[in-house]
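The structure appears below as structure tokens.
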Amino acid sequence: MRIGFLGVGAMGDGMARNLSKAGHKVAAFNRTRERAEALASDGVRVADTVRDACEDAELVVSVLADDRAIEEIVFGGDAFLTTLAPGAVHACMATISVAMGRRLAEAHTAAGRGYVSAPVFGRPPAAAAAKLFIVAAGEDAALSRCQPAFEAMGQRTFTVGRDPVAANIVKIGGNFMLASAIETLGEAFALTRSYGIDPEQFLEVLTQTIFPGPVYQNYGGMVARDVYEPAGFKLALGLKDVGLALSAAQSETVPMPIASVVRDRYLTALARGYQDLDWAALGRVCAEDAGLVGKR
Amino acid sequence: MRIGFLGVGAMGDGMARNLSKAGHKVAAFNRTRERAEALASDGVRVADTVRDACEDAELVVSVLADDRAIEEIVFGGDAFLTTLAPGAVHACMATISVAMGRRLAEAHTAAGRGYVSAPVFGRPPAAAAAKLFIVAAGEDAALSRCQPAFEAMGQRTFTVGRDPVAANIVKIGGNFMLASAIETLGEAFALTRSYGIDPEQFLEVLTQTIFPGPVYQNYGGMVARDVYEPAGFKLALGLKDVGLALSAAQSETVPMPIASVVRDRYLTALARGYQDLDWAALGRVCAEDAGLVGKR
Amino acid sequence: MRIGFLGVGAMGDGMARNLSKAGHKVAAFNRTRERAEALASDGVRVADTVRDACEDAELVVSVLADDRAIEEIVFGGDAFLTTLAPGAVHACMATISVAMGRRLAEAHTAAGRGYVSAPVFGRPPAAAAAKLFIVAAGEDAALSRCQPAFEAMGQRTFTVGRDPVAANIVKIGGNFMLASAIETLGEAFALTRSYGIDPEQFLEVLTQTIFPGPVYQNYGGMVARDVYEPAGFKLALGLKDVGLALSAAQSETVPMPIASVVRDRYLTALARGYQDLDWAALGRVCAEDAGLVGKR
Amino acid sequence: MRIGFLGVGAMGDGMARNLSKAGHKVAAFNRTRERAEALASDGVRVADTVRDACEDAELVVSVLADDRAIEEIVFGGDAFLTTLAPGAVHACMATISVAMGRRLAEAHTAAGRGYVSAPVFGRPPAAAAAKLFIVAAGEDAALSRCQPAFEAMGQRTFTVGRDPVAANIVKIGGNFMLASAIETLGEAFALTRSYGIDPEQFLEVLTQTIFPGPVYQNYGGMVARDVYEPAGFKLALGLKDVGLALSAAQSETVPMPIASVVRDRYLTALARGYQDLDWAALGRVCAEDAGLVGKR
């Protein structure tokens, strides 16, 4: 399949390579051209422009940073929608707002182009290893077009409905749960540490009993060791994602007090200059606010 | 080993049976005598009084409901501590406050009796199946005495220190994390449900990707189905346990804003009459406060 | 002075009349024309269009509902900025976001027109009685132009700086404090009511001792009597204003946990259908969540 | 009237002097005897023991620090209740828990002694100036006995019921509102300061418009100047009082999310070592968490 790929950052890099390795003809565009050029070793062609990447693609996969990047590329001056071939499908795989998700869906429908929303769970190593979990929503025909690509990038695809927005909200809900788990870990470690419990021992009890799985293992480990670099997912993006949840919730009058707490913690973390640490650095804020810094 | 067993409620029932089945000579006392009599089928002797259960025991295991029950039995008029034989060990396996944990430890030491704090993770079915996770702390000699009993009741024992209070705080921290996970699930399901996402589908995505394991499976299932009966752990006890966390945290000046949110939610749930539902019924409060009741 | 007046809702009605009564030549435009026509009795001329109201005005006063209304009128197709005479000044007296306040200031400067931000404290009766408190910011010359108008509409003007945004943020901060005082009253009345304290008596103690003044008198009275109609300021607008505070705070990494709580309460209130009650109806949410409804 | 006075701390000092100056025969007991001796200049007799102060008193006024001090003096070994003459009345004027208030009321009734709960609003200078506001509850006869004493100490007495606990809960509710107002000020000043607003100017706008009165003037001034010494009311006591509110609320299933936030802030403040600053030092916590320290 001819695939145009927009945005080869930390996630997109592995995804585009895996598409190419699976035999697809991938043309990748990236604002910072060097990032795209690095993919040549895996057979990916570097596109000079969005148009160059997309105009004869059967499928366009985008992994753009945020609503603003999508605004520019899809709704900017370059007529992205009409650049797409009439039968092409666009799969937006980034974590974006419900509002932008809805706007994209409507614009593609109005332009007669296929559209699938397909955000993923997984961090860069999972993207590189084709182990992503993909949450997809869209019309059946559009989803079918994406299927071979999803298989090349992920370990499993969950289809959650025909309305593309469904996939956005599932992803937003999941990320909220991750951020909440991080803050919860931060508070629990601050509590137990204040009583002299060895963090590694507490972590072992948690992960060997009630909270198995890599999420608690990874984030719990960061909090236990107070080490938040290198950042797999930057703290400033955590605030963005909790904001997506709060904003989506407000539209439907859903109070989310835990999300509010997490948002306030992220702001505190930013005010302390932690924007480039991993988003698990809420654990440090919890420890500091308990007066535990230096007692570690 | 001769074991006195105090408190055969939902948890103690399975625990005492498993001790007996493992070959120990168990004498059980329970305020409501009928509950103890039911254990006769597994070879447990019914004790008429606390003294009867404990005076010639090598190990006393207590699973009493709360601080108040311990206050009465251990510090009440019956001279519990001197009833214990000088070389005996008392293993307190209930979830109690740090303050009571400390008081018990000090009183046993002062009286020259052995003491181990050993709360458990697991619900009644796990107790019946000898699949509990036991978190234990105490002096080595006292822990050794308990070891055969722990092996008969649980699947694994985690030793977290010599100061018995360490086990209390680890258990309290773990229960706080469970309550927080429940409220988080409640908010996430309210959010996704408000966008028309099928709760079972959302549950599948969560538990098959980032949140594996029985905790999210069980509580997530309750929230997804809005079914909170029968209660494995009553909501009123959830408030008690979050209170234990907040109280322990306050003594060491540890702010726990998530715990505060969860506490407020439990109060709201109690005001709505949900005290006898499972403590996962925070999910219903979340749905109600989002105006989702009746839309299910 | 020739004054163009845009937006004669509940607040603008009294303000425009007072300008006219003070001898100014007022031309008022309102989307719903009838509202403007009602002002004829006080000598206000009805303008057919924004242009008609503004093109020969020395001062334009706008009291538009929200950012969206401003977007349409100021940045919409009608070239508002160039409609203003070169020496004219625009005083924006509505409660708007910091972002919109900044955009307005910059756009006027770029177009070479004067701009003052001048939101007010006071409800419609205060507007009618020329008893508003005006918080103004802008360049000296522009402020001087506004002075006679401010004197006709308010009892006092506070000048808080040259950057117009300063007035927006002071107003947003004040409104946050009002919303917080309301939620605080709601919680305090729920607490005392749950102990059988007569709400009127509690109100008397508060307002005669530590919390004098009309804010606590008015909102406390609504909460004490559980009467939230007619709405002086609708609850849906309360959510909007707390949102302005949270949004402004986020830009500068200022955590506001009280604002977060109030936001969640407003969402709960909206989910219960209270959008048209006075924003003091948080008091009802507090009472309901404490199980006090029906015990009143 | 012969009056026994227990506890002449910062508040009791002025109160006891004013009773003496009004012509009553006052005998004062204080743990630290020097504090009582200082009152001799105003005609107060120093009592050597509680018994010495109370045994022939017609009225006993106590202003003890907290529940623990009351526990010791009233329920300790010295038979306080039978020390009181049969017709005597005890007026407890401290801020205590509802639980202790209830226990005191019941114990006095059981012992056949009169009891009035009468906490006050006002800080030490108001106590010295006989300007306290007194919130009283109790049986009519007991209240009548107190009346001349209340007149000598306060500017006004509010009677809120026959059940003494009513006065405790009104006081607790009022103190919660003060603590909430402080945190609200802290957040509002952090917000406006982050936009460069002069704190004194913001304070002026607030206190001259929507928030008149000494509470906002005093606490707002502390926050605006970031000066929290000398402490009129120590921060550690603020945590205690919010705890009284949360505890009283929990008994009646009243959620108080604002109180929860304030409690968390006080814990953070204590962890930073602010226990001896004025309880308005939450303002500093707010500024610090917004990264504003050093920008002042």
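Letters A, B, C and D mark the chains in the order given here, with residues in each chain numbered from 1 onward.
To be clear about the criterion, contacts are C-beta pairs under 8 Å (C-beta built on N, C-alpha and C of every residue); 3 or more make two chains touch, one makes a residue touch a chain.
Because the structure is a prediction, the values reported are computed rather than measured.
Trainee: Determine, using the mean of C-alpha atoms as each chain's centre, which chain is farthest from subunit C.
Mentor: Centroid comparison gives B as the farthest chain from subunit C.
Trainee: Same or different interface residues for subunit B and subunit C, judged by whether over half of the residue numbers are used by both?
Mentor: Same: when the shared numbers are divided by all numbers used, the fraction is over half.
Trainee: Would you kindly tell me how far, in whole Å, the mean C-alpha position of subunit D lies from that of subunit B?
Mentor: 39
Trainee: Nearest whole angstrom, what separates the Cα centre of subunit A from the Cα centre of subunit D?
Mentor: 52
Trainee: Report the inter-centroid distance (CA atoms only) between subunit C and subunit D in whole Å.
Mentor: Roughly 37 Å separates the two chain centres.
Trainee: On subunit A, where are the residues touching two or more other chains?
Mentor: In subunit A, the residues touching two or more other chains are 249, 253-257, 261, 264-265, 267-268, 270-271, 289-291.
Trainee: Okay, in this complex, where on subunit B does subunit C touch?
Mentor: Where subunit B meets subunit C, its residues are 257, 267-268, 270-273, 289-291.
Trainee: In their complex, what parts of subunit C are in touch with subunit A?
Mentor: Interface residues on subunit C, with respect to subunit A: 239, 243, 249-250, 253-257, 260-261, 263-265, 267-268, 270-271.
Trainee: Please output the residues of subunit C touching subunit D within their complex, sorted ascending.
Mentor: It comes out as residues 98, 121, 133, 135, 156, 158, 160-161, 163, 165-166, 169-170, 172-174, 176-178, 180-181, 183-185, 187-192, 194-198, 201-202, 204-206, 208-213, 215, 245, 248-249, 252-259, 261, 264-265, 286, 289-292.
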